[in-house]
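Remarks on the structure that follows.
Think of it as A, B and C in the order they're written, each chain with its own count starting at 1.
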């Protein structure tokens, strides 16, 4: 298999390897050997693996080659924009009743250069500072569940990451303000960033976390993010990911979640726009009674590609998991869903459910759905389903017979289709806001920048609302 | 209940493979190994025309450039392709004119397998082509069929007697380079069955091929080609067994089906190759490419398979739905026990408008076996109103086996409706208790429940086969949970 | 016929029956009544041999044999029939095939020849008529797609087919309308003979209007706390169970 394999983007790989060699000294100067050793190991792994290509089963449908062969600025430099942050971050997504932390081009710029410590002991900090400030937490958790071997991008991130966020909620703390982490790209150049996050919830800790990827100009940037999440006994995390990138943007996120006994994860990824978006979610259920709900919604059109890969491993007995993804695919867009539920031999009494429903709107669009089950225990309840179809014609007829025009009937049914996912959002303001964004998106009225107050592309462009769904 | 159930499933699954005998038949075989000369030798032995030799050589060269597929959920030991005998045939006297001329040992072999080669004793309504070590030894009912214009004969005979048909269709559904094992088969296939049903003819009898591997160290590489011309119909059955041997034997067959306008082919398989012993030693590697092309409008191809044998099964009977309104079906029961591995399923490729396909797969895993369903449903941009429904259920009978489902759905048409559902379960204690409370022994209770579970598929088999298949299911699961 | 002495049963470490005694002779009809969760269904399951329940103490003898040593199916073959409160669905297994398999095995156990297909179908038809089972059974899977009433009638039909010596009907009347109740009860009455015995577990007195019991037992807290004749059932219907609890307290 590997003989004669030609690597994709050999030049970029070469450049990144050089970049590492050029930067390793500065890493050694800033970081303890614990981190440097991990970087060096990851560097070797990236060298071996290269970028993932179509010969890998999990990358068969997503071809990175054309995206990697673009010219990127890979050098690690401070934020290359001088825009005042106040004007950048007054975007709609901001109105979720959250404490906002922002990164620009992979650089931390809000809550700047420091550590925010809440009264209850919760810590939010940028990764580079947290690494020095909390060595014990990092020793215990950093790199514990990231699997570099899964693909070269993860190894690359582990070798070259610079910045990201660190969140720690201590034992028995229910953090009552929602945290929102925004990652914005705004650069004259097409940049290639490796961002890295670490989130730790102590025993019985609770947190609602919103992660936004946003961009404000049309340069093709490449975000390669790895997020590591550790949920200790009884911890409860609501994780929302909102991705609204411009049409050229490439976002690769790999999220590794490790769950102890009785912990609960509810993750909801909403993809509204983006050039190529790939979300890998890897959950290990390591303690009895743990539950993971991984949900998502994608609305793609034009030539966008969205690829959601979910891998949930039931390693012990009495855990439950749910994967529910829904999508509407228009124009020449391409959606990929790959859900994989692994039930190990010891994981008796597992309950696992998987579902992916798609609505396909054109002959040029493509939908690939691969809901996999791999089961090694006999006393389990596992089921999965997948559908590709259209709007229910009988329902269409019913609505139109009641006097609703075809376009609005279509809209109504499409929003009904996605409602299941939106309703799972536990933050009321966010739910309302996402609902509105989705409605606008379905009407084709939402571009990446539209909800951003800068309106850098066309500030004078008025926002139209043809119909108001709520009045129908 | 649990402990008992385990013990019983354990006991139930220890029944021995009853077809494991070896027949003492004189065999004409060539020496081990594979190279271009071997390919030429096979072609020469079969007195083949030049075009067929070219076909083989092209396939051989293609094969050399390919690598074994490794994407299936299977652990396949390395196969040394030079350790295999690529041609072995029962020695036969020249032309067989009557039953008396068939080697009595051979007749005896088939009698032991419950297949009579004497037409008067044949199951009513089934014509049989018996293939032993890849060579067709006897086709029954040929004459009766010929009256209707149906051609049913061994592949080698067809090459001689109907070269134009063979040339036209051979490799048209499974191209020589389709996959590693298909390329190998295309290079070295020795015999198989050929069947052509002319326009408007419904075959009055079921056609059946019975495959048996007998000689040691041989690979079986048969080739089946079935053509249903416009409006024709045939139901085709395939059965197979092999002796019990400690080494693994390779079986890499190809079945190609073409259904023209309004044509229909129903292909049923009861696959019962030697599965290896309880420790996983020996058994057949069953790497088979089966594909049907619904060429014409309103044509239909239906695959039904009951898979209980083989150490490793790798096969995906598929339908290419090219004609408008054509229909593809796949019904499967796959049972694995002990150390058996199966990665099997179907591919439904929708190209024509209003094409419909159904996939019903029932996997049953026991012992330390692994049973995977892998299926592709692909809807092309032009396949307006394509419909697919897939249901893939798994039943686990032990906590040391694996049951996996790998469906692939790929669509590019906004009018397509594709639905896939799957469940995984075990036999519930409540069901077992209910049966036992009615006085039914635990072994029979399990057999009853498993047969009930597989019923949807078993019902699709022709009558004689269904009875056989039910027995086979119970036998295969004897000692299944340990 | 059936003698239960000082029976203690627990499930997952929790004791459900503690010190139950009961004796049933042939020709008798016993009714067991009592509030929810007092162990009535557990008793039925234990007699039938359900291994989810652990007998921790006591003995059950049946026609002189130690019942606890027999497997589930041997108990059935010895003539114990349990009419399930919730009959189990077995997809794909036809009623005909199910009954044939059961009857063949029971006959074999008793040293009888299996019935021929024709004789079996005839027998089945007779029994269907006997219990007024008019649903078509041939092509239906065991209990699959049956309504609640059909499931219960199906239990009585199976009882008729297998001709048990001791029939235990666990809440067979629950969820039945008055017509279905009458059919079920008539079936039971028709199957009654001086040679067999019946234990009826029920919540309501109304079933006992049709199946007249020789004894009525009240189960409470895992044992039989009161035994009487039919009038006890009527009293329970009228006054509920509280007075029994009072009586127990008074002791």
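Here is the rule we go by: a contact is a pair of C-beta atoms (placed from the backbone, for glycine too) under 8 Å apart; a residue touches a chain by one contact, two chains touch by 3 or more.
What you are looking at is a predicted structure, and each value in this text was computed from that prediction instead of being measured.
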item: Chain occupying the most central position, where position means C-alpha average; value: B
item: Of all other chains, the one whose Cα centre sits farthest from chain C; value: A
item: Centroid distance [mean C-alpha coordinates] between chain C and chain A, Å; value: 58
item: CA centroid of chain A to CA centroid of chain B, Å; value: 44
item: Length of the line joining the C-alpha centres of chain B and chain C, rounded to whole Å; value: 48
item: Interfacial residue positions of chain B with respect to chain C in the complex; value: 1-2, 4, 428-431, 433-442, 444, 448-449, 451-456
item: Residues of chain B that touch chain A when the two form their complex; value: 67, 70-71, 73, 379, 381-382, 394, 396-426
item: Chain C - residues contacting chain B, complex; value: 48-52, 71-73, 75-77, 81-82, 84, 87-88, 90-93, 97-99, 101-103, 105-106, 109, 141-142, 158, 162
item: Of all residues in chain A, those that touch chain B in their complex; value: 1, 3, 57, 345, 348, 358, 360-390
